[in-house]
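Each of the next two complexes has chain A plus one other chain: chain B in the first, chain C in the second.
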Partner chain A sequence: MFLEIQYINKSFGKEQIVKDLNFSLAPHKTLSILGKSGCGKTSMLKIIGGLLKADSGNIILDGNDISELEAEKRNIVYLYQEDLLFPHLNVFENIAFGLRIKKQKEAHIQSKVKEMLELLELEDQGQKMPHQLSGGQRQRVSFGRAIIINPALLLLDEPFGSLDAGTRQRMQQLFKDIAHKFKITSLFVTHDLKEAILMGDEIAFMQSGKLKLYKNKEEFIADPSTGVQNEIGFWENLIPKGQNII
Partner chain B sequence: MRISLKPFFLSIMVLLILFPFVYLLWLSLSADWSFPQVMPDYFGLKNWKALLISETGLLRSFFQSVIISVSVGFTATLSGFVISRNIAYHPKKNTLTLLSYFPYIISPVVFGACLSYFFLKLGIFGQMTGVIVAQFMISFPYALIFFNSFWGEKTKNMEDLVSTLGGNRLSSFTKVLLPLAKGMLLVCFFQTFLISWFEYGLTSVIGVGKVQTLTIKVFLFIREANYFYGALSSCLLILPPLVLMYINKKYVFNKLT
Partner chain C sequence: MKNKEKHIGFILFVVFAVLPFTLAFGYALLYSFGVIGIVNEGFTLKFWKEVFTSSTLGVSFIYSSVIALIGVILSVSLALWIVLKYRESFGNKYLSFIIYMPLAVPGIVSAFFTYQLFAQSGFFARLSYQLNWIETAQQFPDLVNDNWAIGIIITFISLLTPFFILLYLNIYKDERIEELSQLSRALGANKKQIALKVSLPIMLKKSWVLIVLYFIFLLGAYEVPLILGQESPQMLSVLILRELKQFDLTKISEGYVMAVLYTVVIMSATVFIFSRKKLRNNAY
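Up next, the complex of A and B:
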């Protein structure tokens, strides 16, 4: 497997946040992780990204144990709910940031960023400053900045949480297209049931620091603890039996 | 017809504010002006020309003050910025922040007296280096408190983002944090420069008369009843703050608003 997480544990004081985290993920696949606020999903992502140190356990990425490696050497990008664009840099420079850090040649940076701007349908926005963009555009720039450095693994922490329904839907599709085009391996954390089902090739549910992986989406839907059954029940009760919506 | 008194009071207010400055300038241009004469016997550039004479030591004091204040402002701002980050992310942040107020709860003269033994041992008592170190010790906590608000969850997330994008601590500072804090860094530099520029108590104890900053010089002239040189040195004293205020307004404040 491309990503293997083995017996990760993390506690803050007496409270155990992540309990015996064990899962693996094939390359170029997205694992959706559904969980409520405070269930430990952000801590889990931060441990995998190297931003938080685990108390125990191993992280194997592409056959290498990266558990002790610093975040900047892991080639894992963490994307937050907030786009976190650098306000002093324009769109072009925000996307080019990772390439400049890696001291790539100027001609290479220019061509890669232009290509990325086209892919994100932002070709006319390169010189704009972040405050001149809409929420959806900002999130697209944030994606571009992460993907352009070709990360081995992408960690997405509720990336569309702050967007309106329409923009969110467009961004979900854009992410699926980009993930397919760039063969991205990712962990997609969300608290939205529908988004979890839509975005993942595989699906998992996190509760009180424990992660449960499902063999398929049907098993996930059938599990009462995920809340899918409640959701179905809600919509069924809303519409009287034998009556069509339209 | 009702007459508005607003312009009248406004003019009075402007005159009252401007009067000390105009009077200082007038005094600096005057000589041989004693009671009950309404106007001075001499009015001209004699005092200002004396600036260039080494006897008064005013020019030397002016440049010495500039060197001291620029050094204090620069070191306090930069070190305050970097160390305030460590304090902000420290588990005992509140205790450390409280400790930053310590130099302000005792009088600068008492603080200077406490420090003098150590400065004497270090061989920097009565030296310009000693004055710079002493003034740094009261400017640095100010910078720590000033930058406290800069560090928060969003800044931390940005730093983390830089590291996952492949950047180390240095690139995080040079490419993101310093450009983000540019306005705050400038304002902090101005403030710490001014703390140092007008510092009297600590400087007089640690400098022991050997390091005569412009502020010390003003008091010396006043004590000698040399009001004309006192006014002249006061004019010099308010010159850099005026320049800083202008730069602040033109390049920092306008951009922040």
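Up next, the complex of A and C:
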């Protein structure tokens, strides 16, 4: 497997936030992780990204144990719920940031960023500052900035949580297209049931620091603890049987 | 109703800010051209010629600018370093008290404090003598009323640094620099790159107007250079006041020429800064 997480544990004081985290993920796949606020999903992502130190356990990425490696050397990008664009840099420089850090040649940076701007449909926005963009545009820049450095693993922490329904839907499709085009391996954390089902090749549910992986989406839907059954029940009760709402 | 409030605000601004300034500036201008003044005899350019042919004002302006620039640069650098290195320690109430306490100390008190500590008859000189590091007071480095304005610069730093620490702590929080730093790490940046490409540019960009305003403030500082400065050259405000209080009444107009020139330079700089800021804000 491309990513193997082995017995990760993390506590803050007496409270155990992540309990015996164990899962693996094949390359170029997206694992959706559904979980309510405070269930430990952000801590889990930060541990994998190297931004938080685990109390125990190992992280194997592409055959290498990266558990003790510093965040900047893991080639894993953690994306926050908010776009977190650099406020002092324009769109072009925000996307170019990772390439400049890696001291790539200027011609290479120019061509890669222009290509990315086109892909994100932001070709006319390169010189704009972050505060001049809409929420959806900002989130696209954030994706572009992460993807352009070709990360081994992308960690997405409720990336569309602050977007309106329409923009969120467009962003979900855009992410799926980009993930497919760039063969991205990712963990996609969300508290939105529909988003979890839509975005993942595989699906998991996190509750009180424990992660449960499902063999397929049918098993996930059938599990009453995920809340899918409640959701189905809600809609069935709302629409009387046999009535066609269209 | 809103229009009425706007008008009242405008009238108060004119009455209490624009009018006194205009009258004072007009008075100084007329005095500088010899139109008013007890021994002046009517319009003349001789006082302006005197000031421009003498190097006193130019030297004082350069001297004041260098001191203000060094004071601001060192204060900002020290505040940035403290915030980036020790921001978490500010949760400690004793440490934050020590850092913020100087904010409540007036400039004149700070100047006396510096004098008491760093003069050749001051605390550190006496301590050095007691420790047998020096044998006479003259052996202690000249840090007050000295050629290099070290006493003035030390006082400026002690006055400005707490303010900039407070400012940068707020910017660090408001601009979410902690999260941006973590993100930069994930994008491959090391600590040095984070500081140089993320933290410092954001904090400096957010504070540059205040930095320039504090430079202007230091340029016109009076009490501190009066107590800790040397006889010549003097900082601008001290020089201008000295000229205005001359026994030779014919020289007073030269003091007003200096005051007018100083006001024009400062006002132009202020208008330039704020018009640029406004332009930038409008562009957004």
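Heads up, the rule we're going with is that the second predicted complex is superposed on the first by the 246 of 246 C-alpha atoms of A that agree within 3 Å, B and C clash if a C-alpha of one lies under 4 Å from a C-alpha of the other, contacts with A are read in each partner's own complex, and residues count from 1 in each chain.
By our rule, a residue touches a chain if its C-beta (ideal position, glycine included) is under 8 Å from a C-beta of that chain, and two chains touch if they have at least 3 such contacts.
Note that the structure is a prediction, hence the values are computed from the model and not measured.
**Student:** Looking at the combined model built on chain A, do chain B and chain C fit side by side or clash?
**Tutor:** On the shared chain A, the partners clash.
**Student:** Looking at A:G98 after the superposition, I want to know if it touches chain B, chain C, both of them or none. Which is it: first, second, both, neither?
**Tutor:** A:G98 contacts both chain B and chain C.
**Student:** Just to be sure I read the superposition right, which of the two partners does A:F86 touch: chain B = first, chain C = second, or both, or neither?
**Tutor:** both
**Student:** Applying the touch criterion given at the start, work out whether A:Q132 contacts chain B, chain C, both or neither, answering first, second, both or neither.
**Tutor:** second
**Student:** Thinking of the overlay built on chain A, is A:L187 touched by chain B (first), by chain C (second), by both, or by neither?
**Tutor:** Neither partner.
**Student:** Among 5-13, 167-175 or 257-265, which stretch of chain C shows C-alpha clashes with chain B in the combined arrangement?
**Tutor:** 167-175
**Student:** Which chain A residues lie in the overlap of the chain B contact set and the chain C contact set?
**Tutor:** 49-51, 70-72, 74-78, 80, 84, 86-88, 97-98, 100-102, 145-146, 149
**Student:** Once bound in the complex, which stretches of chain C touch chain A?
**Tutor:** 175-176, 179-180, 182-190, 193, 197-198, 201-202, 205, 284
**Student:** Where on chain A does chain B make contact in their complex?
**Tutor:** Residue positions touching the partner: 46, 49-51, 70-72, 74-78, 80, 82, 84, 86-88, 97-98, 100-102, 145-146, 149.
**Student:** What residues on chain A touch chain C, complex-wise?
**Tutor:** Its residues touching chain C are 49-51, 70-78, 80, 84, 86-88, 97-98, 100-102, 129, 131-132, 145-146, 149.
**Student:** Provide the residue numbers of chain B that touch chain A in the complex, in ascending order.
**Tutor:** Against chain A, chain B makes touches at 154, 157-158, 160-168, 171, 175-176, 179-180, 182.
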